[in-house]
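Each of the next two complexes has chain A plus one more chain, namely chain B in the first and chain C in the second.
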Partner chain A sequence: MQRILNMRPRAAQIWPYLFCIPFLLAYMMFHFFPTLYSFILSFYDWNGIMERSFVGVRNYIDLFTKDTMFLRSLKNTAILMGLSTPITVILGLFLANSLFHIGKGRMAYQTINFFPYITTPVAIGFIFSYMFDWQFGFINQIFIRVGLFGEPYFWLQDPWASRMIVVIMIVWRYLGYYMTLYLAALTALPQDVYEAAKVDGANRFIMFFRITVPLLRNMTIFLLLTSMIGGLQMFEEPLLLFSGWANMGNGAMGGPDNAVLTTVWKFYNDAFRLDSRLGYSSAIAYSLFAIIAAVSFLAYRIARRKGGTE
Partner chain B sequence: MTQKRSWAPYIGLAIITVIMFIPLYTVFVMGTYYSEHIFRGGLPLWFSNYFLENLKVVLGNNFIQAYLNSLFVSVASVLLSVTASALMGFAIAKYNFKLKNFFFVFLMITMMIPNQITIIGFVREMRAFGMLGTLWPLVFVWIAHPFGAFFMTQFIRDSVPTEVMEAARIDGCSEPGIFFRIVLPFIRPALLTVALLVFLWSWNSFMIPLIVINRQALYTIPLMVSTLSTMFRTDYGAMMCALSISVLPIILVFCICSKNFVQGIANGAVKG
Partner chain C sequence: MRKKIPALFLMLCLTIMPFAGCGGSSTGQDTTAPAPTTQSQPSETAAQEAPSGGEEITLTIWDWDEAHLTHMTSLYRETNPNVSFETLIVMPTDFMQKLQSALAADMDVPDIILGELLYRGRLFELGILDDLSQTPYHVNRDEMFDFAVQLQTGPNGELLGVEQQICPSGFAYRRDLAREYLGTDDPDEIAALIPTWDAFIEQGRNVVQKSGGSVHIFPGISVMVYETLKGQKPSSYIEGNKINLTERYLPMFELAARMNQENILGNQERETPALNSGFADGTFLFFPCPPWAAKWNIAASDPDGSGNWGLTKAPEGGFTRGGTSVSIYSGSPNKEAAWDYVKFVYCDGDGVKEAFEQFGFMTGFKAPYQDANSYFFTIPGAFDEFFGGQNLAEYYINEISVETQGQVQTRHESTIHNALLAVVAQMANDKSITAQQAMELLKQETATMIPEAEII
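Let's look at the complex of A and B:
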């Protein structure tokens, strides 16, 4: 065996590197270098045209001490993420569990519930901007028909209503995906544990909370983490909610009182839309990255520690 | 025991599934109405007969061009990305070389880097390369996708038997020959999964085109969607029709490959 492996020692040494070249080259050119460039730029004041001037960490200091809009965008993002993540995870788990226990039609349910996840996010924003439109939207039409409202309600003019709509959008988009992943994890669980519990007289309710939930722990951690990382980068859905069906604020204002202006949206506005403060926006991007890294690390540590004491 | 199966889960699931389906359904229904008829009799619940007229209006607005642009971007991204990922995954999974572990850790770390920290540098770079007037920047960002390479590494490690590779080597097969003739046939499901994912991601990608593309001739479908309200103003029928044909291709692709797709995503999540 050893002789076979060493038959072409030189070739075996060179080929793996050659195989890695396309990927590494593309990574260096289109990811690594731009990332480094943005990092260096975050210490400069530059609008892309004039001469750049080195300002050290002042961009970062300004962001956290002077830029109330940035702080507000962080707060908005945290609210939107903090509401949508638990709802989606819990609902996804319940759905997967009921889907697991039905025999026929599992694939059909799964396929239909998966549609929102693959739908273009821009289109999702657009669809919801129509649904909650005060004049034409079918939510108002239904409420009026049922007699709940006397006159149409202007959802998108209310800060908290707007936030709730964004949360509903996120839940709508990801629910099928979470359900599918939970279902895959459920299918992989050992069934003999359930048989044993049944013999001991456990009912379905007890089995779900005592066996299923703890066994799905790793999947829950994975979903919570990815959902938090994704949630902190929310952008398209709120943007299109306010520039889709009815053009409100030309896609630069983050909803009523900037209630749904997310951090990435603020980054986009400062870098490309309202302004061209490339150095400053790079600092926004890196601050967000640091926050994402810190949050994921903390969440991971907490999840692991809890697992250890169980 | 199984006789006690109740109808509750069926009904609960059905209700949620209907709620999940309604938003998309209404878009497809409204796209078949004459704009002024949509809101006349309350909520449109069933299809009307104006779809072809709406479609004509939509296609008259450069939509075909946007389709072709999106198709070009997605197909090119898939081809380049899958090739680069499969080669990288093959090297890490089946060879012993000095930087092997380093590369693997590098993939894990880079999977966590969000694209907004890259994008300013990327746009400046594309400007310096003179690429801003083309669709290529939208392809470039997908070539080195860490998830693809990570997924390939895992899959090749688990499913390509090393003995078969050794046998081919003894028979005088070259290393690239091993890749093309032995490895590729074994990893067809993984190729399909990564291809589908990259297709989905690049098709739906919005932020990068929004920043990089500045001419309407180069608009991709998501950019087109984001300008619908200025394009059609009050022609809501055409707007909805445009929206439905924008999401239709991806839904069709998904329905055809549904099983593979769902399994691929689930496997990727379970392993990653």
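Let's look at the complex of A and C:
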């Protein structure tokens, strides 16, 4: 009897672990194992069907020394991320601050701004392809009607115009999300600080830059970090813009002169679209992982240091 | 900070997840394909009526032409009730990725594999298809059209497929525009007006002049280069990693640059809304037309144009455009049943006639066309009426196919197609690009995409 009593607490301790097993098994099967397997695969040459051959770090060496398209894709990703991230964060902050002080219709504005974020990416690709279409796009129609252009401009065959359109797509899509997060953060700010500032004669401009922006630092760091990680993984927007008629049906090429070919798109092309080099593609994935890890860590350290918390 | 490192590491780990697992399972990227549907499972009655000894077999087929697939599998089951089908609609753009996932997982690989030109070179080099000239298939190459054999040849000379429907192409034309700008809508008379590309360019100038620039002889440079000229004069220009792009493509670019600079082509480029609306709007006269394009391009884009279209020969002979191979998966446990179905639908079975009558499909085997009274020539095809009552099958076989050659498809060939499209897009944007400049652009694009290639 004493023995049974002694066992009870032990048995009770097992239950939490038992309940965790289904999740852990699913995690091991669908996340941990594929992640590990892809890493191992990055040291092989394999098309998914034939016998695989061990090549050591050759995939990684080729990637950084021979594959000019990979290096170009890194550059494109950095450009697109570098342009879209600050614009989205800054605009999101200004928009949230403006909406925060609007009394009537705030919810309506908030909802309208949030719509693009919940729009299907395929639809966004279609909308922008159509807007900037060479012959039928209404951007060209407007410019022609107001007399700015004599004939339609082929936006989606101009490398820099294509990049700008991708940036506009990203900003348009994520602005509502950033704005909502900033709005949530604004509601949590202590109002007595603003009241004190008012008493001291501070205007709205000063209060925004001296109080609001510093107090929202943590949210800004969070948004910068997540948008940098997301930016380095950019794939959907340029692919969907150029998968259809914008690229004359050539969904594998990253726009004119591969100007919007991002690293993940390059990975997708090498693994599935243009080729079946699964080992090489795994090397791209892990190289990108290392780059994201390094960039995120650096950005985090810099942001915290500037914030004076360390 | 030390406490934050594990959290940061966890966050970074999450960033790798989207890339993980490329070698193992389906990544769920195939959002366009609906869930598999088992079609017409054998009923109890049907099973009882099955031929003696006929075991129950399920064949897996992926296709993008749902109407054809549904109709032909149902027809086949009327005489083979012991065979049921598991069908899945997969678009050509998703086909290769989905197939790779199935192969890597060794699960649900289709018994019959379709190879659209978009990815056929890569598919043929995977080494997963049976050589149909060998046992148990014994397909005789001599019984197929030359272009069909060339388009179905694998990297080591194997015969890896049969034609789903032939793809020798001529020019479809709008009869009203032909009467207005060429003075006739008779196919032979039109062919006589454009026997060479020089004559075509001359007629192109006339069309632009007479229409005041509102109508062009051809939609755009991408349709001309990628859909027409690329498939006209094939050659063996790829040997391993040695690729003679100059020999293969410089003459083509010289012609294309000339047309571009002469301004005889429109701005309706391939896969664009402008092209789709151009069929009905009448902004171009000719369009490259293999048998399948009558349905997918012409009738689909100009639904009210029945009777207003015709088919003539292209300058300097036929060319191939698109097309799909039908192959048997070498790992299939049902090879003989799969081959029986393929023979029934695409080679010499009763399904060949049905596919022609219902869908306008024409087999790549010569035998049915050798009889002048063949149903191909006596029964109106599915789109003959749309083409003003013209006997399309007769025209395709006797006027176009006899002189058409096909390009052998390899992995590098597939890649060069993408590079070519990139160059063509630049030529559409800048009409002053010369043949030499286009050639250099193609070499650069190809070198970037195939770093190991030796390009001439």
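Some notes on this structure:
In this section, the second predicted complex is superposed on the first by the 294 of 310 C-alpha atoms of A that agree within 3 Å, B and C clash if a C-alpha of one lies under 4 Å from a C-alpha of the other, contacts with A are read in each partner's own complex, and residues count from 1 in each chain.
Note that a residue touches a chain if its C-beta (ideal position, glycine included) is under 8 Å from a C-beta of that chain, and two chains touch if they have at least 3 such contacts.
A quick note: this is a predicted structure, and the numbers were derived from the prediction, not measured.
By the touch criterion defined above, A:260 reaches neither chain B nor chain C. Of the two partner chains, neither chain B nor chain C is touched by A:93. Once chain A of one complex is fitted onto chain A of the other, the partner contacts of A:27 are limited to chain B, with no touch recorded for chain C.
Within the superposed three-chain model, A:63 lies out of touch with both chain B and chain C [touch as defined at top]. Once the two complexes are laid over each other on the shared chain, residue contacts for A:109 go to chain B alone; chain C is not touched.
With both complexes superposed, B is the one of chain B and chain C in contact with more chain A residues. With both structures placed on the common chain, the touch criterion links A:49 to chain C but leaves chain B unconnected.
Of the two partner chains, both chain B and chain C are touched by A:229.
Judged by the touch definition given at the top, the superposed model places A:300 against chain C, while chain B stays out of reach.
Applying the stated contact rule after C-alpha superposition, one finds that A:35 touches each of chain B and chain C.
Put simply, chain A uses residues 30-31, 33-35, 37-38, 41, 48, 130, 136, 229, 233, 243-245, 247, 251, 264, 267, 271-272, 278, 281-282, 285-286, 288-289, 292-293, 296 to touch chain B in one complex and chain C in the other.
Residues of chain A touching chain B in their complex: 4-5, 7-8, 11-13, 15-17, 19-20, 22-24, 26-27, 29-31, 33-39, 41, 48, 95, 98-99, 101-102, 105, 107, 109-116, 118-123, 126-128, 130-131, 136, 138, 141-142, 145, 172, 175-177, 180-181, 183-185, 188, 198, 219, 222, 226, 229, 233, 235-236, 240, 243-247, 251, 264, 267-268, 271-272, 278, 281-282, 285-286, 288-289, 292-293, 296. On chain A, the positions that touch chain C within their shared complex are 30-31, 33-35, 37-38, 41, 46-50, 62, 66-69, 72, 130, 133-136, 152, 154, 157-158, 229, 232-233, 243-245, 247-253, 256-258, 264, 267, 271-276, 278-279, 281-282, 284-286, 288-289, 292-293, 296-297, 300, 310. By the touch rule above, chain B contacts chain A in their complex via residues 1, 5, 8-10, 12-13, 16-17, 20-21, 23-24, 26-27, 38-39, 42-43, 80, 83-85, 87-88, 90-92, 95, 97, 99-100, 103, 110, 112-114, 116-122, 124-125, 140-141, 143-144, 146, 149, 166, 169-170, 175-176, 179, 200, 203-204, 206-207, 210-211, 221-222, 225-226, 228-230, 236, 239-240, 243, 246-247, 250-251, 254-255, 258-259, 262-263, 265-267, 269-270, 272. Looking at the complex, you find that chain C touches chain A at residues 1, 8, 11-13, 15-25, 29, 93, 96-97, 100, 103-104, 122, 126-128, 222, 226, 267-274, 277, 411, 414-415, 418, 421-422, 424-426, 428-429, 448-449, 451.
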